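Chain naming follows the written order as A, B, C and D, and within any one chain the residues start at number 1.
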Amino acid sequence: MHNVRPLPQYLVSRFHGWKATNYEDNSAWYRHLARNGQHPRAMVISCCDSRVHVTSIFGADTGEFFIHRNIANLVPAYAPDGLQHGTSAAVEYAVMALKVAHVIVVGHTSCGGVAGCHAMCSGQAPELEEKSSFIGRWMDILRPGYERIKELPFEEQIGALERQATLISIENLMTFPFVRDAVESGQMTLHALVHDISEGSLWQAEDGGRRWVAV
Amino acid sequence: MHNVRPLPQYLVSRFHGWKATNYEDNSAWYRHLARNGQHPRAMVISCCDSRVHVTSIFGADTGEFFIHRNIANLVPAYAPDGLQHGTSAAVEYAVMALKVAHVIVVGHTSCGGVAGCHAMCSGQAPELEEKSSFIGRWMDILRPGYERIKELPFEEQIGALERQATLISIENLMTFPFVRDAVESGQMTLHALVHDISEGSLWQAEDGGRRWVAV
Amino acid sequence: MHNVRPLPQYLVSRFHGWKATNYEDNSAWYRHLARNGQHPRAMVISCCDSRVHVTSIFGADTGEFFIHRNIANLVPAYAPDGLQHGTSAAVEYAVMALKVAHVIVVGHTSCGGVAGCHAMCSGQAPELEEKSSFIGRWMDILRPGYERIKELPFEEQIGALERQATLISIENLMTFPFVRDAVESGQMTLHALVHDISEGSLWQAEDGGRRWVAV
Amino acid sequence: MHNVRPLPQYLVSRFHGWKATNYEDNSAWYRHLARNGQHPRAMVISCCDSRVHVTSIFGADTGEFFIHRNIANLVPAYAPDGLQHGTSAAVEYAVMALKVAHVIVVGHTSCGGVAGCHAMCSGQAPELEEKSSFIGRWMDILRPGYERIKELPFEEQIGALERQATLISIENLMTFPFVRDAVESGQMTLHALVHDISEGSLWQAEDGGRRWVAV
């Protein structure tokens, strides 16, 4: 296992700059967080996409959001089968251990994962149908969303599927008994958002996703 | 599916503030990213923990890092079994679609997931052994790491296990054929780091993890 | 005196956001307030607790409430002894200079100061009895309230003492000659409230505090 | 003690509106805060003035700031004399019980307390010199600040004294042993700001207050 390499110099330099400035100015807060543990108010589930920055758009400080990021901000349905479910583990930790007050699913425009799912479901990407395609199998979570939008005019389908990626995740979250309990007892709320990375706008689901309104 | 709720007002206010300042100042770049797609230079795999902020410590701009965050920054071994593997899908997308130059695994001190794994493996947390524990099953990935550190003096074990969480992930990354190919052909490098969230320091693995040195 | 440090970056960002939105939209009103002085209709005395937000629960605008916040929303008795009395100074300014129409004392549930007073008075917190304990000496104001509630069933005592914290303050306010004059001449009214931060409810004293009714 | 009166109807109406909207939307978070206690990151010391809204300018949510408000945002020097010191009690609670990472003193322009202090110290307000003047005795805390600015051109004196009100408070904070310990051991930082309520700008002290720069 000799495959780890030294960090590129430009990252070393930037880290040293951060240490001498941001860390110096905020070390009291960072030490406080290390000593007293995290108390994030919300879990955010967003995409790995490098253009999505939820801490920035919400002015969030270190310690404020517990953030899980995966391809297309998806949550699978509850499946206590003893297998490895990284997203379900993150949800369990946020709800059961941290007792967050909100779970916020943040989708975004120009999502490569959603585009891949659309291509796969519409027969344009047979390679994603293969058993060995991790991306394809992961995007299977969104197949029920494709069924709901496939009759829309073609040019509306991708946008609608990006919104479905957040709604399907909310539906799947509700299949977890501990999520349902927390929501139904008023301990936790769920939120579905789509961030338009080009226009900088933010849309949120209303009426269970039948309408989307600008925040 | 009527469980989605409006965003808390303070997040709405902060978003409007971001839109009027950060977005206004950078809209050309955001539109460029939306139009031309993302070209991140690295994939970062870090923990969901609210105290870990890799874009901050590396001064990273929007568009620079493709970021996957899960509990304890773990990567499972390659398993093309047709099941859902969110982490493997993220790795596949980063390496095959985005062709990132680096995969950087960033662990951290005070990791709740690692502490849970240590408790489970040392017999202190039987509830994590249950089939229905998503956290327990996810932390199974780190069991081989526990075997390597369990003979250390007790007070050194947690720190050593936090480092193992990054080394095991690097080892597992190398079981993916497309990762191995990219590494061995010199297209991509792997990096294992541990961020001390209290001291603000950053440690990196050398000699395949036999030594850890301050960056 | 080199102990002042730069503001954390996330607060700087949020302030710039506020400036570009809230300030831009309301600058006429803010300039008006700066030019013509404040004319608040009420003085609010509430706790420093981060969970108490009287401007929010009363939909109050900038300029509407003159707000004094201290531990457990207490007002000491009138004592013109030439020493420093921050709360008395605030009351004097509100009544004599601003001529507010109401003084509203807002207590709250889960008050750490009240809990400390209860522990001190019931012999559970000797450290608060020490001369050097600022919290203990401040909570001495509430000792007469403890005498009134100490015979209640134990599980009712804390809630009753939280209500006493507002009633004792009203009683002490009436020992200030200028407060008594304003009340007795019908220029000003006094109000005692307790906000339940969990249930979001608001209770107000009636019959001089013999009954508490939901607002 | 029959002096408590029912809340004015317009405040009752607004409260009911808040309950039906803001509380309904955020009850999960408020219940979380009630159940798990407050973990504010900072203590803010600001003026009672109705035109100063620190939660607004910093986009702060319920639970984020522990806020003490008194006339002219003053902190007296450490005086463990067994008397009642409301401000010192608030500082003790924030630092010792809540272990906040920052204490932020926020002064403001057009401050009536500072103007009164200036009038008193320059001989224009003999009534404030009287033993029975709570405002005068409270503003005595700022007298050392007047000594530093009294040779400035007259039109600069009030602004300079507003800045001194924050600097004197920082100096006095450092006379508290537990504040000094927390600052010197890197557990807590101190910040001095002045908010211009007309222009919406925010200035912060640098170099121990020798320079003030726009945030």
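Methods note: a residue touches a chain if its C-beta (ideal position, glycine included) is under 8 Å from a C-beta of that chain, and two chains touch if they have at least 3 such contacts.
Chains and their UniProt names: A, B, C, D = Carbonic anhydrase.
Keep in mind the model is a prediction, meaning the values are calculated, not measured.
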Between subunit A (Carbonic anhydrase) and its twin subunit B (Carbonic anhydrase), rotation from the CA superposition, multiple of 5 degrees: 180
Same vs different contact residues, subunit B (Carbonic anhydrase) with subunit D (Carbonic anhydrase), by half of numbers used: different
C-D or B-C, whichever has more C-beta pairs in contact: C-D
Distance between chain centroids, defined by C-alpha means - subunit C (Carbonic anhydrase), subunit D (Carbonic anhydrase) (Å): 14
Centroid distance [mean C-alpha coordinates] between subunit D (Carbonic anhydrase) and subunit B (Carbonic anhydrase), Å: 41
Whole-Å gap separating subunit B (Carbonic anhydrase) and subunit C (Carbonic anhydrase), where each centre is the average of the chain's CA atoms: 45
Junction residues of subunit C (Carbonic anhydrase), two or more chains touched: 5-6, 8, 13-14, 16-19, 22
Subunit A (Carbonic anhydrase) partner contacts - residues on subunit B (Carbonic anhydrase) that touch it in the complex: 1-8, 11-12, 14-19, 22-23, 27, 30-31, 33-35, 37-38, 40, 43, 48-51, 53, 55-60, 62-71, 74, 76, 80-94, 97, 102, 104, 109-110, 112-113, 131-135, 137-141, 167, 170-171, 174, 183, 189-193, 197-198, 200-202, 204-209, 215
Of all residues in subunit B (Carbonic anhydrase), those that touch subunit D (Carbonic anhydrase) in their complex: 5-6, 8-10, 13-14, 17
Subunit D (Carbonic anhydrase)-facing residues of subunit A (Carbonic anhydrase), complex: 25-29, 31-32, 35-36, 39, 41, 59, 61, 63, 99-102, 182, 186-189
Partner subunit B (Carbonic anhydrase), residues of subunit D (Carbonic anhydrase) touching it in the complex: 22, 25-26, 29, 59-62
Touching residues (chain side subunit B (Carbonic anhydrase), partner subunit C (Carbonic anhydrase)) in the complex: 13-14, 16-22, 24
